[in-house]
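We call the chains A, B, C and D, going by the order they appear; numbering starts again at 1 in every chain.
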Amino acid sequence: MGSMTDYGRSILAAQPFSRHLGAELVSLEPGSVELRLPLAEHLKQQHGFAHGGVLAYLADNAITFACGSELKVAVVTAEMKVNYLRPAVGSALIARAVAISVGKTQAVGRCDVFVVVGDEEKLCAAAQGTILVLPPNGK
Amino acid sequence: MGSMTDYGRSILAAQPFSRHLGAELVSLEPGSVELRLPLAEHLKQQHGFAHGGVLAYLADNAITFACGSELKVAVVTAEMKVNYLRPAVGSALIARAVAISVGKTQAVGRCDVFVVVGDEEKLCAAAQGTILVLPPNGK
Amino acid sequence: MGSMTDYGRSILAAQPFSRHLGAELVSLEPGSVELRLPLAEHLKQQHGFAHGGVLAYLADNAITFACGSELKVAVVTAEMKVNYLRPAVGSALIARAVAISVGKTQAVGRCDVFVVVGDEEKLCAAAQGTILVLPPNGK
Amino acid sequence: MGSMTDYGRSILAAQPFSRHLGAELVSLEPGSVELRLPLAEHLKQQHGFAHGGVLAYLADNAITFACGSELKVAVVTAEMKVNYLRPAVGSALIARAVAISVGKTQAVGRCDVFVVVGDEEKLCAAAQGTILVLPPNGK
């Protein structure tokens, strides 16, 4: 748990939306991250599964952290695609993202989102997205 | 504002996550929907923009409503792709989705997300996704 | 059919792959384009439908032309997503793309691909993608 | 090179479009595939790179083979997303895809596309997509 993880936690803590949902940053290294989100009642949809928007949020944020840790400047998500693979029913969500391509002004990353069921992790979403360096004037 | 809009509102009210964020259903007709989300502080990221996950949630939910209103059974999102077009800074977000292709077991929809700035609406995200009929056993 | 259409045709003619497939540029205006591809036997897969790769090619190229006509410099596709909506069986494919967001270094566009069946056009694919300005050194 | 690879080659040979481009199936196992495409002149765009549509074709086809080898019935691509990571300039393209989630009626796969430059392989595109079982009546 190095200083990069601490830095990542300070960024996550500066995101009101991440605090509102209850997300935690488990670890951050150059090009990879793990986020965790306890599956509280307020994250669900009408069938009792985690809402797709929750999985999309986690994937978006994880890809941004993984790529941002390589670009080392302020970044924003340009686009993302997520496939929902099974209903997310369990005690927590874990998102692991890696940067797969890093350029000067953008990077591309992939993310797997798992739902924790007892001792097991089950893959419940897979995402891929692009991160852009934020221009000084806010894009 | 017919009975379909009322029905849609009852579904939205049954989604704990939508209540947690504060989403409202403005109107629902067969194949199209308008959702609205006042841009409260808790929806933002560290630069003061609406978090990408919020826009993804809105697009996901809007596409699901637009397509579900055609399929007329319980549905889940299979996949979605969203492009973020400008920082979402304003008083509210409006998501308008339409079903563009409806089959027996799945439908595809598109969604435009606008940020309200004063009297104006500015396009801030564009999405496209697939909705699946939920099998009786929950997939 | 103004000079922009002629210019677009000269670009299409400079793409060996587009000549290899037989694509035609019907019209090009700032921010919108129409491409046409007669559905020859060599464009099909084993079920007799147009191969998904053909539809992806058309969507990719159409979005690039629509966005490139706004950016007015050399561009490349950064990413694209396509939904296949019905088997493409007919006499020709028509792709119509529009730019929906144009910035200084990138643009986002959408494309509808239709298959021509007799006198009718049927929507068979829907795409969305991002175009980047090509840096002087070729990225 | 077992019988599954031979079976895959017979499918590829039955796709007129794959023959038109010159694609080869290197190996096929349950849930994974490798396709190869020599980078002939007719696959390029006007800057001399492989056309994006070529990379999309390869990714689409590879994901379909990887997922189809698990589903073991006739399949079609439902949707795909591809990120182009660098200009594809080299002697050949290699696409490696794996199925990451397999259900009864659909599967989701990922694909990495590499360009061969001398002895080296460089990642030039990354894709993710959904495959559907083809209904008896052709959808």
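Note that in this section contacts are C-beta pairs under 8 Å (C-beta built on N, C-alpha and C of every residue); 3 or more make two chains touch, one makes a residue touch a chain.
Quantities reported herein were computed from a predicted structural model and do not represent experimental measurements.
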Ask   = Among the chains, which one keeps its Cα centre farthest from the Cα centre of chain B?
value = D
Inquiry  = If more than half of the interface residue numbers appear on both sides, call it same; otherwise different. Which is it for chain B and chain C?
reply    = same
Message = Counting only Cα atoms for the centres, state how far chain B is from chain D in Å.
response = 33
Note = So, in whole Å, the Cα centroid of chain B is separated from that of chain C by 28
Inter-centroid spacing, chain B versus chain A (mean Cα positions, whole Å) = 20
Note = The positions of chain C in contact with two or more other chains are 78-79, 81, 83, 86, 108, 130, 139
Query = What residues on chain D touch chain C, complex-wise?
reply = 11, 14-20, 41-47, 49-54, 56-58, 60-61, 64, 74, 76-84, 86-87, 134, 138-139
Key: chain A to chain C touching residues, read off their complex   = 78-79, 81, 103, 105-106, 108, 130, 139
Remark   = The answer for chain B against chain C in the complex is residues 81, 83, 85-86, 100-101, 108, 110, 123, 126-128, 130
